[in-house]
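What follows is a pair of complexes built around subunit A, which joins subunit B in one and subunit C in the other.
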Partner chain A sequence: MNYQFDFHFLTGNFGALWEGLKVTLQLALVSNVVGLILGFGLCLLTLNRWFFIRWPAQLFIEFFRCTPALLQIVWFFYCLPMLFNVFIDPITMGVLALGLNLTAFNAEAYRAGVQAVPREHLDACVALGLRPWQRTLYVILPQALRTALPVLMTNGISILQQSALVAIVAVADLMYVGKSIATEAYRPLETYSLIALIYFALSLPIAQLVQWLERRQDTALAR
Partner chain B sequence: MQLDFMVVFSYWQVLAKGLALTLAFTVSCAVLGSVCGFLLSLLRLSKSPLIRIPTGLYVELFRGTPLLIQLFWIFFCLPVVFGISVPPYVSVVLALTLYMTAITSETFRGALKSIPSEQHDACTALGVASWNKVFYVIFPQALLRAVPPLLSNVVSLFKESALISSVGIADLMFVGQNISNSTARPVEFLSAVAVIYFLVAFPLTRLVGVIETRMLRRYAY
Partner chain C sequence: MTAPLLVAAQPQASFVPDSAGGDFIQLRDVYKSYGEGLVVMDHLNLDMRADDRLVIIGPSGSGKSSLLRVMMGLESIQGGTISFQGKSYIDGNARNHGKPLDVRLQTQVGMVFQHYTLFPHLSVLSNLILAPMKVHGLSKVQATEKARLFLARLGLESKLNAYPSQLSGGQKQRVAIARALMLEPKLMLFDEVTSALDPEMVTEVQNVMMQLAEEKMAMIIVTHDMHFARNIASRVVFCANGKVVEQGPPAQIFTQPKEPRTREFLEKVLHLD
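Showing the complex of A and B:
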């Protein structure tokens, strides 16, 4: 290997990379907020006693889980404006596609947590005269969130990585900026390595946190 | 606007070809990746930090970066680094295999860890030699338990394989996008492609559930 590394060309491009990073973080964070909230709602729908509510919710989950994220993003960008004759700005559209994808995955993650709430707690809610929404918000949600937290965070990291796919439909995120710098400067090796390191640096701390949480939960269960 | 889904059927041969390519890439990379992932999971159990740290770093690096970057890196940078031309098919297979290796090694590691420590103690008490212990006690149980998550990994590999369309491989995604662009009917064709992906992936995810409830209850617990 006799390749001369040269990172000098990057000095003029830090501004562009920073802008791209901001878009990526925005996409990832807002999608996570959407996914965490809607995911819980969707999970409750799949556990509903009425078949006609349960079934479409389950279909939604399965469809998002069984098709490529890239296809979902391309579908949203090409088909939504055509079907509904609306114009949505690219970042909002990206958040919509990624957020709904995460909603489906998070709904599955919450489910185990919701089902693990002991029967006695629900009886206690009746005994205390809590309204259904109070039961959901104060009794089921905190426990489900606690059980599901490691999986929810792992899903959050993977949506950060899936957010790179919006580069394919020309949203100026980190991946897209990197791609255009690599083509312009004709330095793919340095640029792609740097971009990969940025993504890695973003996800590693969260991944470590997940491991720590899982260890804590394991010891709590063992006791 | 007028939607006409019948138009999709006149392109079924092209779509079928794309699907065949997607499946070929998925199956070959799944097999290669599972074997490499299994070996890697054994290496990660090593006591020597010289083996444990680089392998751990490999797994973290491939799990912590988008597959799209890995694909681009291998596609654009490998030829630059080694000064050789790599055919697109090879670099794509390499990228998907390396990704599958990383996620599969975690699966196997989890399965190996799931064998309770009592079994190790029992082997010591019975005087079973360490290699016999690994081959006759630990592996059979761990491998059976690894089957459902392994299948889920194959499903995610199948979905992630849509990314190879971005480097110009004519898989199902690429074909679908191409036809939708040339016929100006994205709704019909992209939806049809989504349904095809769904029809392949959904039965596989159901299979995971069936294996978990039926097979594992009988043989592994």
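Showing the complex of A and C:
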């Protein structure tokens, strides 16, 4: 290979890249806030004893799990405005699509956490005279959160990667900016490599943290 | 040696050594089944005095755990009645489907399980003070003070801030006993609490239970350890097929069982030892 790498052209584009990065971070962070909060609410709905509450909640989850994320984003951008005759700004729309997608996946993570609480602990709560809401608040929730945390964080990173999909509907995120620069400068190799490096650098520390947490939980369980 | 007391003041019972009766707990005609076929309490009658230490023995699957779980309010009964301290406690025909009628009475029952049930996200201290604070309304200071006392009596003061994962199995079960005692129960239920333990840790847990026995705690104990049963029991109850087959003082049950089924069972389990 005798391709001559040249990164000089990028110096003039740092501003644009920075703007794109800010949009990406905004998408990822707000989606995570949405997903962490709504996900827990949704998890409680799927564990509800009434079928007519459980069922729609489960359907919501399956819808997001069983369709491509790219399609979900496109649908939110083109179909939602047509259906409801509303126009929402692109970033909010992106947050909505990504956030609800994450909500569905996080609900499953929370649910696995709740179900991992040993049955005997629930019995012990009764033996100690704790009321059902006290049991949920002081015993189930903290244990469930612990179990779910690594998965929630992994989902969080994955939504950062998925956020690149909004470039397809012209939201000016990091991916979109990168694509424009690459075509303008005819330098796809350098540009896309740099973009990849940025996503990588953002995700790696969190991924490492997840591994560390999982190792710690494993040793705690082994004892 | 006068060990400090683990047990708050217990009702004093008139002691009648050989009687099987007692009005501390009375099960009358109690019926419980799981689904259609599986009857685990078949019109069961059982009495207990306030200073009784009942040891329930019987084949696996004979409903020993079910009996304890019913007393704790973890399972319901479908017929019969149970009274506790002279008050109606559970009624199989009541509208609440055979669960405890009186929450106050229910909190006077404590239970320790075979599996470890210390909450792993809480320190030993937090495990001990959670229910006293949330259920009995003790302040954190009061509850902590009390927890220190109980742990000291069990020789576990140094573990106050430890987490359950840092304790041995024997220590976990002792803390679990302390956690139940924090609520000052009038009756303690023990369901095979040493079955999951390594052999060298069994004694430390059994010693705590013996200490409770000396302090006249009313206890219903399910165990497969016949040696321990003989030491701790004031009365041994042999159950099979949802009925009490035979009961009596340990010396009698273990040396001269009257019923052939009791003899058969004991021969089997004692040979295994």
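Basically, the second predicted complex is superposed on the first by the 199 of 223 C-alpha atoms of A that agree within 3 Å, B and C clash if a C-alpha of one lies under 4 Å from a C-alpha of the other, contacts with A are read in each partner's own complex, and residues count from 1 in each chain.
Note that a residue touches a chain if its C-beta (ideal position, glycine included) is under 8 Å from a C-beta of that chain, and two chains touch if they have at least 3 such contacts.
Predicted, not measured: the structure shown is a model, and the values here were computed from it.
**Q** Report the partner of subunit A that touches more of its residues: subunit B or subunit C.
**A** Touched residues of subunit A are more numerous for B.
**Q** According to the stated criteria, A:Met82 is in contact with first (subunit B), second (subunit C), both, or neither; which is it?
**A** The answer is first: A:Met82 touches subunit B but not subunit C.
**Q** Let me test your reading of the model: by the given contact rule, A:Gln143 touches which partner, first (subunit B), second (subunit C), both or neither?
**A** A:Gln143 sits against subunit C, while subunit B stays out of touch.
**Q** Mind working out whether A:Tyr199 is in touch with subunit B, subunit C, both or neither, as first, second, both or neither?
**A** first
**Q** Going by the contact rule set out at the top, does A:Thr92 touch subunit B (first), subunit C (second), both, or neither?
**A** A:Thr92: touches no partner chain.
**Q** Tell me which partner A:Gln115 touches in the superposition: subunit B (first), subunit C (second), both or neither.
**A** A:Gln115 sits against neither subunit B nor subunit C.
**Q** For A:Gln211, select first, second, both or neither according to whether it touches subunit B, subunit C, the two together, or no partner.
**A** neither
**Q** For A:Gly129, decide between first (touching subunit B), second (touching subunit C), both and neither.
**A** second
**Q** Applying the document's definition of touch, where does A:Arg65 land relative to subunit B and subunit C: first, second, both, or neither?
**A** First partner only, subunit B.
**Q** Per the contact definition, I'd like the list of subunit B residues that touch subunit A in the complex.
**A** 1, 60-61, 63-70, 72-73, 76-77, 80-83, 155, 159-163, 165-166, 173, 176-177, 180, 186-187, 190-191, 193-194, 197-198, 201-202, 205
**Q** Looking at the complex, which residues from subunit A come into contact with subunit C?
**A** Its residues touching subunit C are 118, 120-121, 123-124, 126-130, 134, 138-139, 142-143, 146, 220-221, 223.
**Q** Under the touch definition given earlier, write down the residues of subunit C that touch subunit A in their complex.
**A** Interface residues on subunit C, with respect to subunit A: 69, 72-74, 103, 106-107, 109-111, 113, 115-117, 119-122, 130-131, 134-135, 165-166, 176, 179-180, 183.
**Q** For subunit A, which residues count as touching subunit B in their complex?
**A** Counting only subunit A, the residues touching subunit B are 1-3, 62-63, 65-72, 74-75, 78-79, 82-83, 85, 157, 161-165, 167-168, 175, 179, 182, 188-189, 192-193, 195-196, 199-200, 203-204, 207.
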